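The structures come next, written out as structure tokens.
Note that subunit A is present in both complexes that follow, paired respectively with subunit B and with subunit C.
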Partner chain A sequence: MWMAYGFMMPAAILVAVLMYWPMIATVRESLFTTSFINPKPQFVGLKVYADIFSDPVFWQVVRNSIVWTLGVVLLQNVLGFFIALLLNQHLPGQGILRSLILLPWVLPGVVAAILWRFMYDPQLGLINSFVLRFGLADRGIAWLADPSIAMAAVIFVAFWKGFPFSTVIFLAALQNVDQEQIEAAKVDGAGPVRRLFDVIIPAIIPVAVVNFLLTTILTFNYFDIIYVLTRGGPLNSTAIFPTQIYEIGFGQFRFGEAAAYGTLSVVILVMIVAVFMLIRRPLLSHREV
Partner chain B sequence: MPKLKTLLATSALTMAGVLAVASAASAQTVLRFWDNQQTESGLSKFQQEAVKRFEEENPDIKVEVTTIPYPEYQQRLLTAVQAGNGPDVSTVDQIWNAAFAEAGAIVAVDDLVAGSSISPEDFFPGAWESVTYQGKTWGVPFNVDVWFFAFVNKALFEEAGIDPASITTWEGLEAAAPALTDPANGRFAIGLTGNKSEYPVVMTNSMIYSNGGVVLDENGKCALTSPEAIEALEYYKRMTQYAPSGILNAANEQMRELFLNGTLAIELWPALEQPALDSSNIDWDLYAGFAPEGKTPVGTFGGWNLVVYESSPNKEAAWKFIEFMTREDVNGDVVDLIPANVKAASAFLEENRRKPDVILEHLNNAKPRPLSPQYLQVSEIQQNMVQQMLSGTPVEEAAAAACEAIDNL
Partner chain C sequence: MTKRIRYPLLLCLQLVTATLVLLPFFWMFSVSLKPATEPFAIPAQLWPDNPTLENYILALRPEFQRYFLNSVIVCGATLLITIPLALLAAYSLSRFQFRLLSVFLGAVVLAQFFPAGAMIIPLYKIVRSANLLNTYLGLIIAYITVTLPVAIWMLRGFLLKVPKTLEEAAAVDGASPLRAFFDIVVPLARPGIIATSVFVLIVTWQEFLFALSFTSSKEMRTLPVGMNDYIGQYGIRYGELMASSVMISLPVIAIFFFLQRQFVAGLTAGAVKG
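Right, the complex of A and B next:
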């Protein structure tokens, strides 16, 4: 028993030093007026939080973070699932298709974002050249400069970048679905749609739950794409927690406020995950029945 | 026995030699110098050559140069300084200088300047102003440029039948702009920006300065609601109708691409743009920005200052290094903007740039951005103000909101 604890100690110490201590230090820093120009900070308790809550930009960041996370997670998982279904058929050239589909995911986030910034360019972008050629608008659309559509534009890029991840996970799950059950359903006269909803989806629910959970956490904390495409603008319409924390901390040297934003982002993420876990329970229990 | 004596004597001499070398090495001061690289000019190679020269002149000092790419520089320098692992001497952006001074991270150099060959008159006035804060001097200007040169595409002007020289006044530019703009054929008069970045701040500041206004008055209060500033901001907003669409996410780099591919008739860039234009097939010319009729264009300074860190145990060596790097015969070799030393700049411009006199005059007239320790927050507020006014909020209303936010900092 003690030996087991002994073997666990190095890993436990590493986790404590590299993960929990910075987290605790961040929460502590958020209670002080820490900024670069104020290196001897004063304890102000929850004042930093009170100031943040009274700032309309914070609520805009909360709304944006939720819309961004839900948008990207739903799109990338739904499309990822359908592409996995296609790739699970025995199509000719299946190996090449599987490799090609991974390309967006393999690209570094910054590279993908720069690529899409060119594609979205109002004057020179590929997307606007199609829009103009097909007469959908009389001049180039400013995809990233219009506050009413900028969030949709950045969600689309993140979805394009992330769907291969979901596809790969779903594909692995689909390949583990018991073929005998599918055959049995066929014998019982179940068509493809019935088989999908009554056999395949229930079989992959545990994997889908993990997939949704992982992509939710990754998307909520995603920084590169929005920072490169819009830096949170225009008019804060695409500002989410990671971009806002970076702007406040490293853009303006206001470390205390950045720490408070960081703490709040963890709280909100935990709340989203908690809601998710609540939804997950009936889904899994339904499957067990 | 004599052999043993010889062996002992030889060993003693060898030991003494080793100790002497070791002692000399330990007496040598190691100076850590950090800088960033903004352009593909091969700067680090030239800096290393200059460092060799410095080490030859100062054999007791060894310089360790760390060159960091511009996008990472702020974060790495700030993290290191905050953690107490900063360099002995480094470049800092003009807009960080006051914050570093207020934080106590760097030392005031007034006494060192008084006892050295460095004199404020050797530098561009606006550049020297950028190292001052609360009546003290906190560094020495290293390199500079003005973010308000109007580069023109002569072919597009000729096509439109406009004299490029007419754009040096607000009135002339506004009169020329319609003829230079044809969105259906992908032509625009001028590249302006309104994204979340320093560029729209620098551009609007230049307009305000050229109209006789300021961002912060002598008491540090916001002056964006002054008639001069409002008139300048109104002008900027009006001119965006002749700029490419998507102004709220338009960055300077995008405007540069559009100028290089012949879409834009005018781009606003620092003089460092010239080598890129020379290697393009554009027939270009440059003017020192534009101002209302009868006024002189005043651009916004950008650039870097050399500072000595409070935590440095080698302040004397650091100051020697600054004296060396800003010397007339060295400054031009070690910067990738324009040397801040006027004589070095003059020689550099004569050799490397078109219209050196125009550039020199513009550098002499230029002003730094507000010298506030909270500059980065001031800038953020100005960025929001520009985005508000470009998305429909009346200029006076956007400026009033900005002033309220700035004065509450």
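Right, the complex of A and C next:
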């Protein structure tokens, strides 16, 4: 008994003081206004929120955050799953590739972002040199400077860095799929596609649900890649909650507004997760049928 | 599909995957070896004509060494604080079932997913009022919020797999619960401790948001923040930038490859059975 609580206590105190308290304090903080010129907090109630809701930039941040999260999560897990299927085929060279595939995931986020900033460089970048060589455009495309494609460009980088994680988890799940069931389906005359949808996918759905949930939360909160690639620009076209909170809080020292954005980011994240859970339920129950 | 078409097709897809994963790394390395005098060919050239290490020598400037030292100190200290505390908590959460403990467990799981952006303003104020901005301790405090919950969760997964019967046998032999913990559980949990430590190192080595917000003096920057500063200062000197990138990535990549088997086993065990 003493051991149970004694062992738990140091970690519990740290988590409470360093995480739960700040989380609650954020809400309190958001009811005050501070600025660089007037750093003394003044209570203003919900005024900060009223101002935020009437600011079109906020709604753009909401939209960007949803596009960014959905885009990265879907690419990362769907393609990550197909790559796992591919790496589960016993082709030559697979051993090496399997051990190298986690490299992008291990690479520090800032380094990955700097590397891709360079890959995307309109003059010197590797991507544009392919584009030019194959005549896809007559001059280099400004991937990160064009508001209409910048979001797609940053999503691709996050996909590149994140998919190996999904692939490795899916690979482990695939190796746990009951081989006898696959053989039985083969004997019954099911082709590879039937086997994929009727045997393999139902067997790995629990893992897929965990993967989707984890990557959704992590992507929504991911700061490094967008900050280094575009700082949320051009024209706020890649501004998501974490970059916007940093910009308002530490770029402009408007702590109250940054805290309100923080609070709202939790609300939106909870809403995304709730929608996800609603979609998940029929998927999981389908499995029992 | 007949085997004759399917096999080459799969091989092709595998080649595409390998290119997608490795080409950026290859290019990072290739550009880091390019002499500053060799102009960038347009379209880009995959390998420099006269590879040289001069970019590495340039990149090893005193400030880089300082950033490196800062990163080692902050990440090392965070690891040394996180793992023992997480191990104790995880043991408690894997062996006892009191009502209050399940509340703790839920709180820890939830805390893993707290957005840093939603905690950062109050955390910044705490650190500032304790006069810990621009100090190692200030950064370590912030890093613990990133590592502690996830370390508890990972270690708990491993400890659940260490059979209780061994501790019970030790208790019958008259060993105190504390001795049983240190002499039996900790050694058996070693693979889990290693996997969790690698994870904590990978996460802290690249931590960016807290390091960027809680340090303003150049002497206290960590590697990721220092790298981000480089973009402004040496923006066009890609050779140096890539040489620094290689040097920052090498330590984690080395640790990762050295302990890969245990690490991947730990990662997937937690996720697949969690």
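For the reader, a short list of remarks on this structure follows.
Quick note on the criterion: the second predicted complex is superposed on the first by the 270 of 289 C-alpha atoms of A that agree within 3 Å, B and C clash if a C-alpha of one lies under 4 Å from a C-alpha of the other, contacts with A are read in each partner's own complex, and residues count from 1 in each chain.
As a convention for this text, a residue touches a chain if its C-beta (ideal position, glycine included) is under 8 Å from a C-beta of that chain, and two chains touch if they have at least 3 such contacts.
Keep in mind the model is a prediction, meaning the values are calculated, not measured.
On the superposed subunit A, the two partners subunit B and subunit C do not both fit; they clash. By the touch criterion defined above, A:Ser129 lies against subunit C but remains apart from subunit B after alignment on the C-alpha atoms of chain A. Which of subunit B and subunit C touches more residues of subunit A is settled by the count: it is C.
Within the superposed three-chain model, A:Leu235 lies in touch with subunit B and out of touch with subunit C [touch as defined at top]. By the touch criterion defined above, A:Gly251 reaches subunit B but does not reach subunit C.
Shared-chain residue A:His90: touches no atom of subunit B or subunit C. Taking chain A as the common frame, subunit B overlaps subunit C at a single listed stretch, which among 78-86, 168-176, 186-194 or 312-320 is 78-86.
Overlap of the subunit B and subunit C interfaces on subunit A: residues 123-124, 250, 255. Considering their complex, residues 1, 10-11, 13-14, 17-18, 20-25, 27-28, 31, 40, 42-44, 85-86, 88-89, 91-93, 95-96, 98, 100-101, 104, 107-108, 111, 113-126, 141, 144-145, 148-149, 152, 177-178, 181, 202, 205-206, 208-209, 212-213, 223-225, 227-228, 230-231, 238, 241-242, 245, 248-249, 252-253, 256-257, 260, 264, 267-268, 271-272, 274 of subunit C touch subunit A.
Looking at the complex, you find that subunit A touches subunit B at residues 36-39, 121-124, 139-140, 142-147, 150, 230-235, 247, 250-255. Of all residues in subunit A, only 1, 3-5, 7-8, 10-12, 14-16, 18-23, 25-26, 29, 83, 86-87, 89, 91-94, 97, 99-104, 106-111, 114-119, 123-126, 128-130, 132-133, 160, 164, 168-169, 171-173, 176, 192, 207, 210-211, 214, 217, 220-221, 223-224, 227-228, 241-242, 245-246, 249-250, 255, 258-259, 261-263, 265-266, 269 touch subunit C in the complex they form.
The residues of subunit B lying in touch with subunit A in their complex are 74-75, 78, 82, 99, 102-105, 183-184, 186, 194-197, 244-250, 254, 257-258, 261, 263, 373-374, 376-377, 380, 384, 387-388, 391.
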